[in-house]
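The chains carry the letters A, B, C and D, assigned in the order they are written, with residues numbered from 1 in each.
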Amino acid sequence: MSIKANDFVLEVEGLTVSFDGFKAVNDLSFYVNEGEIRVIIGPNGAGKTTVLDLICGRTQATTGSIKFRGKELTRMKEHEIVHTGVGRKFQNPSIYDDLTVFENLEISYPRGRSVFGALAFKRDKEVIREVEATAETIFLKDDLDKQAGLLSHGQKQWLEIGMLLIQKPDLLMLDEPVAGMSVAERKKTADLLNRITEGRSVLVVEHDMQFVEDIAHRVTVMHQGKVLSEGSMTRVKNDPKVIEVYLGH
Amino acid sequence: MFDEYTMSELTSILAMQGFAGLILFSVLVLMALGLAIIFGQMGVINMAHGEFMILGAYVTYLTAKLFETYLPSLFDGYFFVAMGLAFLASFALGVLVEWCMIRFLFKRPLDTLLATWGLSLILQQLYRTIFGAREVGVTLPDWMMGSYPLSETIEVPINGIFVMVLTLFISLCVYLLMFRSRWGKQVRAVVLNRPMAGAVGINTEKIDRYTFGIGCGVAGVAGSAFTMIGSTGPTSGQLYIVDTFLVVVFGGAQSLLGTIASAFTISQSQSTLEFFLSGSMAKVITLLLVVGILMLRPQGLFALKIRH
Amino acid sequence: MRNPSDLRLSNAGSPCQVSGRRLAVKALCALPVSLLLASHMAWAAPATSEVNTTGLAVTDDTVTVGILHSVTGTMAISETGSVQAEKLAIDQINAMGGVLGRKIEYIQEDGASDWPTFAEKSKKLLVNDKTAAVFGCWTSASRKAVLPVFEQYNGMLYYPTFYEGLEQSPNVIYTGQEATQQIIAGIDWVVKEKGAKTFYLLGSDYIWPRTSNKIARKHIEKLGLTVVGEEYYPLGHTQFNSVINKIKLKKPDVIYAIVVGGSNVAFYKQLNAAGIKLTSEKPLLLTISVTEDEILGIGGENIEGAYAAMKYFQSLDNPNNAAFVQAFKDKWGKDIVIGDVTQAAYLGPWLWKAAVEKAGSFDIDKVRAASPGIELTTAPEGYVKIHENHHLWSKTRVGLAQKDGQYKVVFESADLIEPNPFPVGYQ
Amino acid sequence: MQERAKALFMPRQDLIGFAVLALILIVILPLILDVFRLNLVGKYLTYSFVALGLVLCWGYGGILSLGQGLFFGLGGYCMAMFLKLEASDPVSTKIQSTPGIPDFMDWNQITAIPWWWQPFNSLTLSLIAVVLVPTLFAFIISVAMFKRRVGGVYFAIITQALAAILTILIIGQQGYTGGVNGITDLRTLLGWDIRSDNAKLVLYFVNCILLFGCLLIAQFIRKNKLGRILVAMRDREERVRFSGYDVANFKIFVFCLAAAISSVGGAMFTLQVGFMSPSFVGIVPSIEMVIFCAVGGRLSILGAVYGSLLVNWAKTSFSESFPELWLFAMGALFIGVVMAFPNGLASLFLRYIEPYLPAWYHGKAKPVQPAEVVEKAPLTSTDTQPETATSKSTEKQSDETVPVNSLEGGVYVD
């Protein structure tokens, strides 16, 4: 590899993870540029979600390296990875049902993250301003005092995206952000993503091809834990290997 | 510390101590199997497990009385009848408990723990009211008593062999039931994906009920067998509960093989330590060892690696 | 003032006067004249103001006592017998006219096998209910828990269990044996009669077995004999195969076992299964913790051939005991068995009655002052007497366990053994 | 929006709740009860320390410990050791073979006070130890467990095993601990007779004050960001982790806090009852304390107090009249609370009483503060688990459904 390390936000090299002998991700390498929206697609079981899990520390890699802004992530704890600037959204909306929208966002606000920091945490003007601004972005300004469990499915997805935004991550990882959304909500989400990606890199796992075309700068196709093809959407779409996998599927 | 013994004494002690460990192993497996089925397959913590065992013991006691009075000629064989009845009684109670309690508490394992603890209190008092506070003595047929001398110094307790054979038999039954029968397949399907199992036409409620029932039934058989080596009283069940849970947890909740392996590990370390230390210290060290290993391997000895 | 009971001695001494159930009559027949100090003639009862100057629960025709045992929890197994014995004694006393002309009423509280509950309930019995005496407790732990309460509120506890000694409270009468009474005679017997040289000491892990084994060890060593092993297992332990192997290895002449509760059952069953036939007496087993009550759970066939050293066995052959056993069975069912502690519990109300009548008062201080020297010739175990140190002079017997769950008495100490709760040289 | 910024430490309803409890404990009960009964209430209140700790770590944090008796016991033992040393002066122990040491040591042929008893000669050190020793214990346990992500049922069973271990140890080392009897016959605290009626009264009030101190700490946590993180953690541990929090640290903190609070209860127990025994360290009392908490309402800190009082009062009066029935009642209580009222008495209050209280109780017209929704309606996220009987059984009272405590953390660790 002749490319210099600091050209990329994220460098994944030779990444392998095996579950009891089954290699869910096998010698995978890819690189994400600063400010890029990268979408990972692939048939079920290709290892897409596992890649996100590996990057954010939820799963430990068997071998290989993941570098974020030159920092090695594979040995870090989840929260440390978050502190370096990586944010992750889960496939199913993962929010705190028992708390209000306001509190959901407030908890995600990156201050008072240690035990004693939390004890000393004050809900000052700055926090309120940030929360309100974020709520506006994710279309939930009027629902701040609503209990999060009572939101609609789409709103929950947005709330989770909002919870990531307020962390101000440099790398945003989204796992099927539009799954289960109505057509109108999808549209709104695509706009939202396009707006919030300014100034940060985004890694998205998605099935919805229309949505992928809407947002992707580049696409990585995974199959059986390996990269099958990589490039622009158009290029990938015409790759015979990809066509075979998808049709064969 | 071995200086004082001759070689032959040492060998025989080693053999007998190994055998003591094997008996303990069988006892632990018997205790834990029922719990492993319920905990592993349903995620339900059954704190009344000990009381289900004692139910089996009381059934054995009643059967013995019955045979003594009405069928003294068949007394030698009553134990097998008793074990069958013990299974049925515990199974029936288990199904009943599942129907009126457990099924409302799915997905709330910590709550099942509290509710079944309440159940155990009620059962204890029930036994006390029916059978009296005193322990009852279960008379065993003569052939089950005493020991079989292998050599001059090595003697093998017959009831120990009986417990071992029984354990083998029950484990085999459970294995066949869980892994070789249609029913077992359904159970495992429900464990892996409940909505999906329901969608393909498996009656998940029925599966749950019978799984719970069978777990309790196995406990009943264990209780029946324990009349040979332990006491039968209203509170005897409590003696077993912590050990049983540790065996299951240590083994990795969802693996029957793990339960057996952990029972083996715990029994061998316990009986070895008991030989060198006092009984109390042996127990403390064994428990600490288990807790320590659980910290290092929280998923237990034999947990499956699961992909998120 | 003295109770004019002498006047009525002849009267009350005749059982024909007592209109009661058969059990009462039977029991009374056994009671010699000297003890029948009370009467059922209310006019003879001394005035309440005279017999009760400290505000106890005494009225013109009743006196209230407390019964404090576990009827729930793990100890209910053992304590049930004591409750039954105490109720029987109270019934019998009432049938004879009560104490100082007053019927005994009892308030029963449940200690629930939990020591703090014992403390709480004892406080209630003394402070709220003002009971004139409390019959209760079983384990040392429960006694230790209530002891400060009895001392603070000046109550009187009749404690029935054989125990480790090392205690002597002005507020407790110990109707069971303390450790030296029970242990030394038993060991002497086994050494003399069976020629025992080596001992293996075994016990449940708490104070009574440990202290008792300590005394046993000292005594054995004093006799120039050897202890080849000493082991303790947690209460409720159910696996004894390892220790049985150790015993087989050490080949002691005597296994000296003080295992209690549910562990007992497991121990004897496993001993039997491991091929140690107690009837062959190789090794011989001597216990001080297995009464007829425990044999019910163990099963006679599992313990047949073991020896037990204590002061009472149900099979004791004397008229007192015959009447007592009969009365007990009439009241509580024919299948019931009576162990050492049950008998000791039965003594409680009678000893109290005698002390109250000697003192002519229910006042605790007067009863305490009157207690030393109180004799009971009607005790099922035979003659007993309260020592200055509040323990009983009693005989120690050795029984051989039979298949039917009874003991056959094979030895009885010639004299009453003096209680010695603080044995010099054994600590 | 200003309202949101306002400190919500003690909203009106909570203030009234605290005041009512204070009125009951500090004014009404001492007026209507004699010293004996008041002392009993004092004893029950010591359990409510444990229940309060459980509200924090189980109700809020989702960590069920079945070994809280361990901390209650350790706190109690630390206190008892001090009192025992004071009670064992050479004069009052002159009949012993070695005067001046605790009686049980003498019975076990120990001739000198062991080194680790020495600090308990000082009241200051003892009081520090009362809180520090159990907390340290809790710290070691929780660091080992939570850093390894042991959680849920596994944690519950392991704490149970630890309680069993400590009980066996205390009983086995009777020369140093008093064994199964415990440490008994405690008389004075710096010469002040703790057995007198006067002392009982004073201790009762000290107990109340300490309890309110702990309640205020709990209230602070509850209304603080930390409290919200605990709730968040209970619902979605993973999410909290990916919001950049080291979840284990929060669990360790709340577990240690619960242990510290329990230990204060234990020390007060020793002072009021006059002894400490291993029967508090074991499994059975630990589980009973969970039920005190559950009856009061696992999400209600005041409920913990009412729960302990009520269950124990019922236990005492029930077992006075029908000892045999007590276990049935207790068992039924366990099952009933878990199945019908997962949030205990507190949910009954919120549902049936609070709405009918006069306006001054609610303050402004707004009946429910958003920040308090947590207490009122912890919703099960029904969308992720739509089937199962859970929803069926709680249909009628869907706002009382408890949060799901999942098996997570034990099984699905890589």
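General remarks:
In this text, a contact is a pair of C-beta atoms (placed from the backbone, for glycine too) under 8 Å apart; a residue touches a chain by one contact, two chains touch by 3 or more.
Just so it is clear, the model here is predicted, and its values are computed rather than measured.
When chain centres are set by their Cα atoms, the one at the greatest distance from chain A is C. Across B-D and C-D, the chain pair carrying more C-beta contacts is B-D. Taking each chain's centre as the average of its CA atoms, chain B and chain D sit 33 Å apart.
For the pair chain A and chain D, the distance between C-alpha centroids works out to 41 Å. Chain B and chain C have Cα centroids separated by 37 Å. Residue positions of chain C with contacts to 2 or more other chains are 71-72, 205, 232, 234.
Across the assembly, chain B contributes residues 125, 128, 238, 278, 280, 283, 305-306, 308 that each touch 2 or more other chains.
Residue positions 58-59 of chain A each touch two or more of the other chains. Contact residues on chain C toward chain D in their complex (touch as defined above): 71-72, 108-110, 112, 114-117, 119-120, 123-124, 127-128, 139-141, 144-145, 147-149, 152, 164, 166, 205-207, 210-211, 214, 232, 234-235, 422, 427.
By the touch criterion stated above, chain D contacts chain C in their complex at residues 36, 39-40, 43, 95, 97, 103-104, 106-109, 168, 171-172, 174, 179-182, 184-187, 195, 273-275, 277, 279-280, 316, 319-320, 323-324, 326-327.
Remark: chain B residues 43, 45, 101, 103-111, 113-115, 117-126, 128-129, 194-195, 198, 205, 238, 242, 245-246, 249, 253-254, 278, 280-281, 283-284, 287-288, 290-291, 294-296, 298-299, 303, 305-306, 308 touch chain D in the complex. Chain A meets chain D in the complex at residues 56, 58-60, 77-79, 82-83, 87-88, 90, 92, 94-100, 102-104, 106-108, 110, 112-115, 118-119, 121, 123-125, 128, 132, 145, 147, 149-150, 153, 160, 163, 167.
Chain C contributes residues 71-74, 76-77, 79-80, 205, 231-234, 236-239, 241-246, 248-249, 261-266, 269-270, 272-275, 277, 293-302, 405 to its touches with chain B in the complex.
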